[in-house]
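Just dropping this structure here.
To keep things simple, chains are lettered A, B, C, D, E and F as they appear, and every chain counts its residues starting from 1.
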């Protein structure tokens, strides 16, 4: 995405770069849209778990808004997008840490701060995505620590390699809005986390059902809405490219949902709501790397094709002992991989001169380049996540004790219940109640008869 | 004094309430329950997980009545709750030692009004 | 709406038309906003039905996002907005089918693809609106087939007549954002569908109550939010006209809600929440055709007036055997008619030179023209919907069997429940579990004491 | 905020002011975003109360959309932003009442109508905020009357003083997006309302628990999303200043949430979800007055600091007889005060030449000026709210009778329940059912076997 | 051994629990139920539909006690659940044949502790 | 005829259902309840408010059986519901006067099938 910024800057504005109001308007909106995706994810995930762990699941997303956001501002942004000097192929420098030299002056055609915030929303949701693999068992404290470490050690470097001028970018890997940086990264990390933590104690023994499917649909709807900023905003301007990325984000999930519903129907005899919501998200994941590089009809095809690997991966996974609870790997890891590779198949310079021609345009090389990006991210993110969790496991327990797990994570981790009737709950009075209560001092209104 | 406990289909509740009303049975307590019996299980699928739902939604009625009302009440329920399909439910009649009306402290017959059928 | 496009293009850009970034930014946002309206509708409708059919009701909206969206891209867009050549008065051509000649070059002042996507969101929600009349009894498969047929045979032609250069457009019918094309179309079709399918088995026998009124309020809130894109975006540019349409969309529902709450209060003694939400939606429906043609004070008046016919239509309908379950006709059919006619009363060239003067400005003729648009849509959409459903009824059963209906549509159509506790649900183990379970292979973390 | 408008107009457009499309696009979006905040508030508040009063709580926000919106259009806007002539220091004139002279011509660089609508969304949510202090006991009718009076007698004048060219504006009080006008105003009024009405009958006797914490999180997420329009839109243009305000609105709540979670953890041993949501809102409140005047790192600091006073105010308040039920004063009154004062500490001309230097930049005077704004708003809004409620109390009972309160406000005030199963509910048949029912007339489809 | 079943108002639950606690009654089971009796029905309106709510929310207590506790328990409930308004509810006392404590397998008196009032 | 009422832990429900199934007990009714007993209370905090949760989630089983099944059923429950931790629950056995199967009108033994253990 950012490797387009200079080009766009040239097209849209004179050098030295100046802030273009129209582009700024669109990027402000896009940033707000992507920020909304994390609460949306909280509902998509929260609806899929049992009621007794729903708040914990939602908080795993909301907490990322706080923790990852702060880490991003303090140092991660600089590692991802700062100038790394000699080591720039590998990692950014610290020049922009503590928001140094990040002000309102133009980066491309928008204020640098807006670019910083836009990228921050990506870092936040990517980390939050992982939580789907460890819900209902991972302790909240260690999870927060994991968010910090993962953002610094996995997200920042990979984002730098692909978008920040690192080696994958120079290799010409195409990743318009984060198929590799966001979805493959999060997906493989989720898989590893699920393996390291092990399955929920009830997994495979009892039926664990979504406690609120409407929340899942709400999450999917808001995710699609926010994704227009995610992909459309990755053009970094309100131009034709944004229009293309936006429309492809409009078309691909439609095709995926339709195919998904048909697969559901033929396998189980029913088109399920959870399936429809999942299909939408998988379609959005798959179009993410391709959005600005392929044709709209290509997006329809890509969306339709992308349903298959993720669908069958979910079906297969559910029969194993692998408790990637909300199928983050099948949805984001495999969906992102499908999208990244198909980008190398469908991409056309005719639609984006800053892009490349792909397999169908007679350039199989691009497919290889895409595969390199995929493989790198799978290997690095998977390995590093394994190391982070194993090391953390040496200093603290990552998961709750079985009895705690049985009680539910909401009560055990947050001391709260998602839905309480208040029955049989006794108020614990604080020690001191002021003698003269203000309310009585001002004799309350007499009530209606 | 008896306590009549009936398990019925949710979608017969209104008919049963009406039948009891006509039988002059005024007081009762209702609760949502789930039942297992001869009905065939529903199958549901959530992503890769397929589950068999062994419990069916039912409604439980609890009615304290004086002896003369036992037959009337049971028949009212049997008549109004039946569909003839497996899953119609059961009626249990239990002995009651004491009944108290909290509001007044009245006991036994006095606590469940009317104590005798209107037409009797 | 699109009959303004050329004019705006002239005002805002030089010929040959070029993409204007500011207009593109606004139209990208507007398209995202209108897309969000369909999930919003899913909640508005889903909250109004019984829990046992809530997922099915929501899926009737979500499915439209997939099915209608794909149909739109393949052929419906071309039928509605393509050049129909000699027959252009009646129907568009196939030149734009499969997105032929639909690219990033400017249509008006925005990329053609963005115009296509914006219009697509209208086609989607219009079809979804109809579902409110057939909830809790129509089988899902036939419903999906109906979506396809209706979009092709009803939506596309009517959209062409009014917006695509068809005969109603040349007659000067004013429909800024879809009072006729969207709301009257959907409303009358809903009425016919309710008549053809017949009432729910419990209708008029038992009380059928909304299972989740907060969802109804959530839907209404998100619908209003999205409607700013619906009406404001129909200016197709970020200009004064957009500002006018936007502000009228801000004012009218306020007046409708206030009047609705008062009517509720005087009729039942209570201002209800369902009533407040319904009032908002009716106000939005009514202002839709007028948004860019009347003054803001006119919008307040229009909103206030529009509450009356829809309100009393709902009260009357509920006493009949006509089970238009969620009052789609009273809300959208009658609300849209009120708005379309009042457009002919309040419209002023002074506010939109591309519009017309109405009755109050001494031009009663416009009211007649508006009536023509209303009558045409009522007759054509009503008749065609009747034919579609009757023909479908010959090949398949449109509604579920009474026992299935009693069981609830969620379990019967989707094999799911909206809210499950998992009690008494036995896991059906898939045949094969891999001997070496990965989780155990990697010895899970020992848990906290 | 509006005191920047002229300046921006000068920067961005030539005189006579003309409408700038990019600025218009951003302000249309911002207005829609702020409008969405009121439904969001309905969920934030509605989730925190008991199920039996949840609809009433939500309707207290939704009703403001109707009532306050209409009052705003009719006269309040004119009082706040109209030219007050000789008395302009105190109150605006009536020149813009009934939207007189409010059209599509430019005010600053956007259509005047858009400015009107944008400001209207502020008036609406400010009034709605107060409801959090009187939920579960105030009668709905008197509440609606209070909304009208409060908007006219409190909101309009204070908005005029600070933004409409009144005396506080000339004194140089900095309030970028409403720390004083919105949050302190609403907070102190809520405190007074809670005192006048007195506590809920169960308050301090029984545990009153949030019935739906996911709704609280949904509300918080949508509030944050909308707040980007609230603060970012207060630049009234899509420029660098908007970027600064936007980014500060992105950063501050993150810091507040993190600190809040830590405070929760150390006090109760758990990081709660309600706490996380509350932290986000408090951070948003605190950054509101400062958003366009301080540096991003300043915003992080301000957000972190702002958690403390509000947090401990809530803890303290809960031990008293003061039933400010949803802690509007602690959250908005104290949060707004913290923000307004810290604006005087952190503000820098270097970031906004139209602003001022603050304490840290060696200008303690600004802190004094800020304190003047705070004190004025506390005194005026508090006193006037007291008078309004006491006078209303003379003509009608403000709160429901204890038995009604026990029954719940949904049934008593709205004749509805939020979640009904329909069990044991008997349909009350309307007198007349048409002999020939239309559905039967058209013999319904025979159903599937 | 007796099983005491009481139907009370939800908003009296805390008082009743406290009274039972003071009466040394430790074990009990609670459930939400809906009751029909002498109370006047609520009327609600949803769009054009008007409905009469015939069932009121109530809470059901189920308490297994040894003979010496029967009177104490019933009186604790009667005393704490009463408001004097129609709708206060009922108390039923049923005979119990056996009681088992699942954890220990203890039977009857042993299964409900304490078996005899402290002050006795 | 007896009516067996058992209060168990929610997370033992599946095991208990399976045990009953193996014991040939086919019909039963289940409901969610909340129980108070010897378990330590949970503490929760909502903003400034701290509360003690005195009630634990439990599941209530209601099973009507013919005499020969009483022991079998009780033992099946005792065996499958036990964890050994405080909070396992109770089993009550009540006398039943009549049982009716609504669908057929059959009475008593006939209403609860099977009336005698398979292996008997």
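The definition used in the following text is that a residue touches a chain if its C-beta (ideal position, glycine included) is under 8 Å from a C-beta of that chain, and two chains touch if they have at least 3 such contacts.
Since this is a predicted model, take the numbers as computed values, not measurements.
Engineer: Chains in contact with chain C and with chain E: which ones?
Structural biologist: Both chain C and chain E are touched by A, B, D, F, going by the contact rule given at the top.
Engineer: Pick from A-B, C-F or A-F: which interface has over half of its contact pairs in common with C-E?
Structural biologist: Selected pair, repeating C-E: A-B.
Engineer: Between chain pairs A-F and A-B, which one is joined by a greater number of C-beta pairs in contact?
Structural biologist: A-F
Engineer: How many angstrom between the C-alpha centroids of chain E and chain D?
Structural biologist: Computed from C-alpha means, the inter-chain centre distance equals 45 Å.
Engineer: Can you check how far apart chain A and chain D are, centre to centre, with Cα atoms defining each centre and the answer in Å?
Structural biologist: The separation of the two C-alpha centroids amounts to 30 Å.
Engineer: Between chain B and chain D, what is the separation of their C-alpha centroids in Å?
Structural biologist: Centres of chain B and chain D (C-alpha means) sit 50 Å apart.
Engineer: Between chain B and chain F, what's the gap in Å when you average each chain's C-alpha atoms?
Structural biologist: Centre separation, chain B to chain F: 18 Å.
Engineer: Among the residues of chain E, which are close enough to touch at least two other chains?
Structural biologist: Residues 14, 17, 30-32, 34, 36, 44-46, 48-51, 54-55, 94-95.
Engineer: Quick check on chain A: which residues sit in contact with 2+ other chains?
Structural biologist: 20-22, 25-26, 29, 206-210, 212, 218, 268, 270, 272, 274, 318-319, 415-417, 420-421, 423-427, 430
Engineer: Testing understanding: with touching defined as stated, what is the shape of the graph linking the protein chains, line, ring, star, complete or other?
Structural biologist: It is complete, because no pair of chains fails to touch.
Engineer: Show which residues of chain F lie in contact with chain E when the two form their complex.
Structural biologist: Going by the criterion above, the answer is residues 2, 5-8, 31-38, 54-55, 58, 60, 74, 77-78, 81-95.
Engineer: What does chain B use to touch chain E in their complex?
Structural biologist: Against chain E, the touching part of chain B is residues 3, 17, 26-31, 62, 64, 94-103, 105, 111-112.
Engineer: Mind listing the chain D positions that touch chain F in their complex?
Structural biologist: So the residues of chain D touching chain F come out as 207-210, 264, 268, 270, 272, 274-275, 278, 314-319, 327.
Engineer: Report the residues of chain F in contact with chain C in the complex, numbered from low to high.
Structural biologist: Going through chain F, the ones touching chain C are 10, 13-14, 17, 30, 32, 59.
Engineer: Within their complex, state which residues of chain A touch chain C.
Structural biologist: Spelled out, the residues of chain A in touch with chain C are 12, 20-23, 25-26, 29, 33, 50-51, 139, 194-199, 204-214, 217-218, 220-222, 224-225, 228-229, 232, 237-244, 246-247, 250-251, 253-255, 257-258, 261, 268-274, 276-277, 279-280, 296-297, 300, 318-323, 351, 393, 396-402, 404.
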